[in-house]
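Each of the next two complexes has chain A plus one more chain, namely chain B in the first and chain C in the second.
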Partner chain A sequence: MNYRLKILPQNKTIKVREDEILADKIQEAGINLSVYCNKRGICGKCFVKIAEGKLPTLEEREIFLLENKGLSKDYRLACLYRIKSNLSIEIPEESVIQDAFILKTGIKLPIALEPSIKKYYLQLKKPEISDPYSLSELFRSYFQDKNLVIPFNLLKESLNIVEQSKFNVTAVVYNDDEILNIEQKNTLDKNFGIAIDLGTTTVVVELVDLNSGESIDITTAANSQMEYGSDVISRISYACTNPKNLDKLKESILETINLMIKQMLDKNNVNSSYVYEVVVAANTSMNHLLLGMPVKSLAVAPFSSVFTCLSPLPLADLGFKINSCGKVYIAPNIKSFVGGDISAGLIASDLANTKGNYLFIDLGTNGEIVLKTKDEFVVTSTAAGPAFEGMNISCGTLASPGAIYKAEYENRLALFTIGHKRATGVCGTGLIDLLAIFLDTGKISEKGKINDKTKKIPLNGSIYINQKDVREMQLAVGAIKTGIRMILKEFHLSKEKLDGIYIAGAFGNYLNIKNSMKIGLLPQIDEDKVIFIGNSSLAGAKALLLSKPAREKIDSLVRRMRYFSLASHPLFQKYFIEALEFHMY
Partner chain B sequence: MNYRLKILPQNKTIKVREDEILADKIQEAGINLSVYCNKRGICGKCFVKIAEGKLPTLEEREIFLLENKGLSKDYRLACLYRIKSNLSIEIPEESVIQDAFILKTGIKLPIALEPSIKKYYLQLKKPEISDPYSLSELFRSYFQDKNLVIPFNLLKESLNIVEQSKFNVTAVVYNDDEILNIEQKNTLDKNFGIAIDLGTTTVVVELVDLNSGESIDITTAANSQMEYGSDVISRISYACTNPKNLDKLKESILETINLMIKQMLDKNNVNSSYVYEVVVAANTSMNHLLLGMPVKSLAVAPFSSVFTCLSPLPLADLGFKINSCGKVYIAPNIKSFVGGDISAGLIASDLANTKGNYLFIDLGTNGEIVLKTKDEFVVTSTAAGPAFEGMNISCGTLASPGAIYKAEYENRLALFTIGHKRATGVCGTGLIDLLAIFLDTGKISEKGKINDKTKKIPLNGSIYINQKDVREMQLAVGAIKTGIRMILKEFHLSKEKLDGIYIAGAFGNYLNIKNSMKIGLLPQIDEDKVIFIGNSSLAGAKALLLSKPAREKIDSLVRRMRYFSLASHPLFQKYFIEALEFHMY
Partner chain C sequence: MKIMIEIAVNVEKGDSASVKEFVRNALSQNLSAEKILNYGLIKGMDSVGKKFKNNEIFIPEVLIATRAMKAGMDLLRPHLSEEDRKSKGKIVIGTVKGDLHDIGKKIVNMMLEREGYEIMDLGIDVPKEKFVEKIKEEHPDVVGMSALLTTTMSYMREVVEAIEKEELKHRPKIIIGGAPITQSYADEIRADGYASDAASAAMLVKNLLKHERAVL
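Entry: the complex of A and B
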């Protein structure tokens, strides 16, 4: 039998058939109905008002969920409702999936709020003597999933929990197929996750509410592995000298992150037992070092890694201080030197779904350059060194309060510090401005020579730049320039055909585009085409924390991307030597 | 394009189309082609000789596998072969799945030899600088499975293993989707598993070769938990008196099993590192106690258990002394008092696929009775107590050498002992014979009274039966009789309509059918319809170890079966009191 289904407020009318499930038809009509529990009648998020049409008797679960939401008796769960008549329904706003937005600066990208960690409040039936079903059956039947995984140790403990809270418990479910934990009573409103951008130099940790998708707090700290080497190469070689060193590096960064987590949770009055997942976006070396994975193969040609994609890890494999039943998701690496920070960044930039020719450049200690055209989706990596992050520079500093982040020259040199504090040093963007200015004013030659015989340019008080600093910057800029020029050449794309360049990384909006082009860091294109997307690694980690579909996207992205190896290319040496001069291109 | 495919020696000719995969067509022709690796071109088990037709260039993997098997160059892997011409092929015997047989006594049931643990010898490619793929990618691409799970700790260790054995390794794969371990060099010929029948009174451990399906050794021991109580009820109450007692019971049985495993492996020169799976079939209480699962809910009404089906456990959750990367599979319980011993037994008897009306009776400490008709598949359980196993009987003993297992009477009493040894006591089958004889000779009344005023019947030397022993047997026999009568009545089946009764349990062939009917243990039906299937719990465990399809069967069986509760039935008391007399029925 055919019926007519009218949907308000969207004002759509579609044909439906007898016994079809209302939720399916609403989705087919293009409405993003919230089916959090995969249409199992548990979450109560797909209630719709039956304005006209048959009102079947409420199921036991529906009664409880209706009462809980304070809805009138003409509401029904669309996932349990079988169509038996013409219908006119009204969908309340709460029953439509709300998007979360993952970037605070730059592009604001909506993502479907569907975290891997979901909570369900269950009112379990007590077993009876005529049918003494087991606790595992009880859970599985509630979720209508005969294959639902219930870990052994959880089963051991859950009998007590269920009995103590009189069969009313909250189940924490992972990826719709595994119960991670059983909490007493109703704890639906307490569901948090942590996104981490683990950089070689800095670590950023963000606390996120998985119910709303909102960021609760963000905190930044220096990567404590710095004491074992400022760049990944020196840390890898440290790890290789003694098996215990790998553990030291691991413990060091874990300790830092756990302290950051603890302080952030305390500050925001969030109990760590309500945090069930950590998502980490990090470059390949850093995620190997975080996990204590052997790094010796990263140290020698062909520079292969131990893993690219990892299955989500049980928390026991790692020492994060969240709920011990939790999970850790590591954003997949693309290749040895193209890590999860880049794959996450690409998710945040949504480059895979953007039409046109684009470059995505991450200006970190390791520079990664992605080229996306109609036919190609290819990535290369180039060792820029830590100069952009103010490391190995005499008066260099991270982009923290007091850092000279910007310089201008009109008759005299004007220096600007972060937070208008007293200058403490120069950070990457400041160095780029200064190089451009000194090139213009002739204090530095195109070959990078400081013309003054002191080989030192004073800036402010005791802060200066010397010849060694300029050389460090030449290597950093040259590495990026080589990568951009070679990837464009290899795939036959002139810079004029670029529709845009995304700039990721800590530089953010501080980077002066004109100056970057002047010293040859970026190719000369229309300035409007250069788009800063901020810390896309963190934004991507947050997207992966909040949205299962983002995880599916990243998997297909990693499979699709090709790697273009600079180091093994016969023209590499030639391009690199050319790139060491501060030329526009 | 259509072609013709002729298959020898089966002498079948079928139509095929261009580009179809040869392996698929051979299977469609009804030939049980061996596709161990799920047609991924790794195992080399589906070689066929191309007698007529196109011979495509050998793939790199094929060359290696051909050489390994010493086959000529006109053999091809059927799973890699795309049809491009008319074909005539010859299938060697080795390329057809060989059945394994799971029962040594009674019914011999063929099962497809497809263990959950599979081994593959891999010749991995070394990464190159132009494409420095990771180790995880390397494995996943070899298995053509992007989602293959590689545990974190294995990844950590496998780099060394792979390098040390020069990229030639053996992968141990579980359920086709998880790499459990990486072994150096080629260890394909060493692949073992262990099947365990864990009974309340006795434990039987069997070592099985997963390549051939053959049993290597079987060993039996008393359940060491006996010291904490001879039946499950007393052990459960012991476990409930102190949380540490549950651990004691667990440790006790683990220690016994591990000792049995060690002795058996040593005796047969099998290294425990080549054993990757243990399958346990046990009643619900025993598998809860083995796993250290709380048993308090089993002690009080409604007698519900913590679990019925468990996901396969990583070995770390349990302390079996096999390879530490291994798995433990627990045969699923059906209901609280109908355990994995019964579900395994039903797999071994193949009752689900047998047409007709059948009873399946397990005569253990706990008696389980399954009724299978066209419409019903229902199970009940009844507490028989340990008398059938010779426990709680003055001169009772297990069915071990020296046990009086059989008695006959012609003018005088003749007693038979196992192994013709000097009599040490009476076991269950002996007791049944003696009761029948003493009923006939009037030494015992139908109400179970010993007529002699000494209330003691001497048998042999110091061995005797007394009034208490007869009472114990009355309770045991009465429990089974009540179960059989009530289940037949509830589902409206007269005993005349039974096509057979399967008798499982330790009794084996020793049980005298006529005598069993005389005392009322079994209903009076044609004696030929009573079929002994021996230790079907162990046979089922072996089937589950050797055959993934058996695991799928057992899952659907457990879902399909209904539970018939005797204890809550209003007629239970009446039937039980009636059943306490030694009447035929």
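Entry: the complex of A and C
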């Protein structure tokens, strides 16, 4: 028999057949129905109001879920409802998956909320002498999954928990196939996760509500491994001089992250036992050091890493201070030395599914450049050095309060500092503005020479730029420029054919596009095509935390991407030397 | 002499065409090739070396200047005496295994070539076996090693040990350089010398070989 299904408030009408499942049809109509439990009738998130049509008798678990939500008797779970008549239904807002927006700037990309960690409130039947179910059978039958993994230790402890809370418990399920923990009573509203962007210089930790996808709090700190070396290479050499040093580096960063997590949880009154997952996006060296993996091969050509993709790790092996039954997910590396920070960033920007020709550039100590065209998806990495982060620059500083982050020139030089504080130094974006201005005013030549005899340009009080600083910037800009020019040339794409350039990294909106083009950091294209996407590594970590499909995407992404090696390219030297002069291109 | 100054200045500017023109001009005035070399071309490169060391000019300018110097050199070569054409010494040089940095070493090469040394560049990512093999084949006076990473500099010790193990009759002088290298590291691994930049590297080789000759 054929019937008609009318869906409100979307106001869609489709044809359906006898015995089809309502939830399937709603999804086919293009509505993002919340089927948290994969249509097993246990999460109670897909309730719809049957306005017209047959109302079958409520199933036992439906009654309980209905009461729980305070819904009237004409609501049914769409995933249990078999169509037997013409239907007119109303879908309440709560039954539709709300998109979370993970990028704060640039592109607004929705991501479907489907975390790996899910919670289910179970009302277990008490076993009776006539029906002597085992506890494990109870769980498995509830989830209608014979293969549900229940760890041995959990099973041992759960009987007490189940009895104490009178057979009403909350199960914490991982990837729909493993029970991580059993909590007393109903704790559905307490499900949290942590997203981490672990950078060489700074660490950003975000506390996320897995039910709403909302960010609860976010905090930034310096990477405590700095005391063992400010850059990746010096940390790796430190790790290699003594086997104990690798542990020291690991302990140091774990301690920092755990302290950040603790302070954030305390501040927001969230108990750490309700946090079951940490997702980390980091460059290859940082994720290796976090896991205590050997790093020796990472700093010597051919720069091979120990891992690219890891299965999610049980927490016990790692030492994050969240629920001890929890999991850690590390964003996969792309080949050996393009890290999970980049793969996460690509997920956050959804570059793989964006039509057109795009560059994705992460401006950091290691500049990563990704090219996406119709046929190609390639990444290259170029050693820009730490100048963009204000290091190796006489009066350089990180982008922190007091840093000169912006400069303008109209008859006189105007300097702007972060937080309007007294100037303490110049950070990367400030240096780029200043170079562009001094090129314009002739204080610096295109070859990078400071024309004044003193070889120094005073800025503000004791802050200045000297000849060596300009040289450092020439090397940093030149490295990025070489990467962009070579990747475009290798794949026969002129800059005119670019539909956009995504700029990721800490530079954020501070980067002046016009000035970046003037000094040759970016190719000259329509300014509107340059899009800042901010900390895409953190946004990607959050996407991976909130959305299981994002994890499938990232796996296929890292398999699909190719690496284009600059260092071994015969034209590298020629391009690099050309790129050392401040020319537009 | 004015024409010598012109040659030197144009080497510095990297103007190959002008360098060639002035060298031809000088030769037609019957100035000796040796003079043109020392007071024109080398003088120009000396100034390039100094300015590079002081950050006044940068890598591209050094490379262009070298090209100009070589253009002049090609014209002079047939006119140089046997004595002047002879190499002042043979140098085997390479960036050690695991390290792919090339440009710094190339600039050192230029400074050494200018001084009249014969350079055999083994390239980048060079294993110790290749250093040893080349030393046995070519009997160089000096072996130069470059490393730009703290993680790859440790390989220099292995190369020194491999060379020493050969117990060569004339062990070449070993010199090292690169951003993370220091004199104390050179002492530690028993290298004979360290230079912080290309111009100093040329001086270092000169001193080491002078000393060597005095001993001989």
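By our rule, the second predicted complex is superposed on the first by the 584 of 585 C-alpha atoms of A that agree within 3 Å, B and C clash if a C-alpha of one lies under 4 Å from a C-alpha of the other, contacts with A are read in each partner's own complex, and residues count from 1 in each chain.
Throughout what follows, contacts are C-beta pairs under 8 Å (C-beta built on N, C-alpha and C of every residue); 3 or more make two chains touch, one makes a residue touch a chain.
Because the structure is a prediction, the values reported are computed rather than measured.
Q: Where does A:K447 make contact in the superposed view: on chain B (first), on chain C (second), on both, or on neither?
A: A:K447: touches chain C, not chain B.
Q: Looking at A:V378 after the superposition, I want to know if it touches chain B, chain C, both of them or none. Which is it: first, second, both, neither?
A: neither
Q: So which one touches more of the residues on chain A, chain B or chain C?
A: B
Q: Mind working out whether A:A112 is in touch with chain B, chain C, both or neither, as first, second, both or neither?
A: After superposition on chain A, A:A112 lies in contact with neither partner.
Q: Have a look at where A:M226 lands relative to chain B and chain C in the superposition and call it first, second, both or neither.
A: In the superposition, A:M226 contacts neither chain B nor chain C.
Q: Give one of first, second, both or neither to describe whether A:S234 is in contact with chain B, with chain C, with both, or with none.
A: second
Q: Name the contact category of A:L580: first (chain B only), second (chain C only), both, or neither.
A: Once the two structures are laid over each other on A, A:L580 reaches chain C alone.
Q: Could you look at A:A567 and tell me whether it touches chain B, chain C, both or neither (first, second, both, neither)?
A: both
Q: Using the superposition on chain A described above, determine whether A:A301 touches chain B (first), chain C (second), both, or neither.
A: A:A301 contacts both chain B and chain C.
Q: Is there a shared patch on chain A that both chain B and chain C touch, and which residues make it up?
A: Overlap of chain B and chain C footprints on chain A: residues 296, 301, 567-568.
Q: Hey, which residues of chain C end up touching chain A in the complex?
A: 54-61, 63, 97-100, 102-103, 125, 149-152, 154
Q: Quick check on the complex: what are the chain B residues that touch chain A?
A: 126-137, 140, 146, 149-150, 152-153, 155-156, 159-160, 291-294, 296-297, 301-311, 313, 317, 333, 335-336, 555, 559, 563, 565, 567-568
Q: Name, in rising order, each residue of chain A that touches chain C in their complex.
A: Listed in rising order, the residues are 233-234, 236-237, 240, 296, 299-301, 447-449, 455, 467-468, 471, 474, 567-568, 573, 576-578, 580-581.
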